[in-house]
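Input: one structure, supplied below.
Each chain carries a letter (A, B, C, D, E and F) given by its place in the written order, and its residues are counted from 1.
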Amino acid sequence: MAKTMKISARNQIMGTVKTIKKGPVSTEVVISITGGNEIVSSITTYSAEKMNLREGLKVYAIVKASEVMVGTD
Amino acid sequence: MAKTMKISARNQIMGTVKTIKKGPVSTEVVISITGGNEIVSSITTYSAEKMNLREGLKVYAIVKASEVMVGTD
Amino acid sequence: MAKTMKISARNQIMGTVKTIKKGPVSTEVVISITGGNEIVSSITTYSAEKMNLREGLKVYAIVKASEVMVGTD
Amino acid sequence: MAKTMKISARNQIMGTVKTIKKGPVSTEVVISITGGNEIVSSITTYSAEKMNLREGLKVYAIVKASEVMVGTD
Amino acid sequence: MAKTMKISARNQIMGTVKTIKKGPVSTEVVISITGGNEIVSSITTYSAEKMNLREGLKVYAIVKASEVMVGTD
Amino acid sequence: MAKTMKISARNQIMGTVKTIKKGPVSTEVVISITGGNEIVSSITTYSAEKMNLREGLKVYAIVKASEVMVGTD
């Protein structure tokens, strides 16, 4: 996980870690992005610790296009 | 797909359809959200047509938290 | 999560919550559908609480077509 | 893909192939299950051909629990 | 989960369970594959127990092609 | 997609592009990894072109742990 790279994921949105909630295996990360939106991520606690995620850190929310659904009113 | 409902997905971000690119089975939808970001979705062409997605339509980009990764510089 | 909407997910199957098993971050929801089948969902505990999921509640199991694999004997 | 195995996916629902729609890379498979429900799967055309999927074939719709969302009215 | 079958997932890589880390709902499984690589899986604890996963067991890491991203330097 | 970064995905396996099969919206990339295994990825054609993916290129196959299932004989 120490390697930097460019990735194919179409969605790579810059933001800031707002809150982190750790469980024994899964960790929930809330990321504030511009425009007042938030993006919530659930990753392994191992990764959250390895990346040293903490409130205020500049991060990217990364999502593959095939994982995004569309909703309408 | 005619049913309206509330869903458990943590990420439900409001936006506007910017572009649509249709293939025989898959369709790519680019959604503009506030703050200047874009979210790209790949859904079935069937759904895109059924929902009558078109440029300018108000939509939501919906993503389950478990599908969101975190990146750092 | 208070917003009702129509979504592009091809699979939206009606059912009833049979059991809920909560962890600190993830919650497992077993949904009974017609024909005697069950569908198991793992969502964030936050969403499960926000939606007030409980046994006996009428719900939909929602799955994007790209997440469904096919098996044969 | 010739190997038979047991898998960890919590959802393995028996059904019958109703329709198949092939694109150059992606193929859409509609599976009828008991109780009158249908499950739609999008897989690679390569897999659809390799497995010799065809209308009327007995199959399983397989979904990991972490891919299932929950909706309410 | 007792049923053996062939599945459409394009990635079915043979390996051996190296470590297992159980949480109340989610369990993390590290699988060693040939060539010195490891693949990490997060599944429900229910499945891990039902399959009787344990260190040293021969297993397959199974991933749908639509879930694989590509990175470059 | 020009940004380099470190990502939370637990699986980041080095390999070489073996083949590429482009459709109008989706592209299939076969990646050879050490030990004789292959990993197949399906990404948007847009990303494949943007990243200039081509046979022989050194790449990483990236998969979130929550997308990996486990199979046994």
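Basically, a residue touches a chain if its C-beta (ideal position, glycine included) is under 8 Å from a C-beta of that chain, and two chains touch if they have at least 3 such contacts.
The shown structure was predicted, so the numbers you read here are calculated from the model rather than taken from an experiment.
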item	value
Set of chains whose contacts include both chain F and chain D	B, E
Common touching chains of chain C and chain B	A, D
Rotation angle (°) superposing Cα atoms of chain A on chain B, nearest 5	180
Centroid-based (C-alpha) most distant chain relative to chain F	C
Geometric centre distance via CA averages, chain C-chain A, whole Å	23
Length of the line joining the C-alpha centres of chain C and chain F, rounded to whole Å	29
Contacts with 2+ other chains: residues of chain E	4-10, 12, 23-26, 28, 40-44, 46-48, 51, 60, 62, 64-67, 69-73
Chain contact topology (line, ring, star, complete or other)	other
Pairs of chains in contact (touch as defined earlier), listed by label	A-B, A-C, A-E, A-F, B-C, B-D, B-F, C-D, C-E, D-E, D-F, E-F
Residue ranges of chain E in contact with chain D within the complex	1-10, 12, 41-44, 46-48, 51, 60, 62, 64-66
Residue ranges of chain C touching chain A (in the complex, touch as defined)	5-9, 23-26, 44, 46, 64, 66
Residue numbers on chain B that touch chain A, as the complex places them	4, 7, 9-13, 28-29, 31, 33-37, 39-43, 47-48, 51, 53, 57-73
Residues of chain C defined as touching chain E within the complex	21-28, 40, 42, 66-67, 69-73
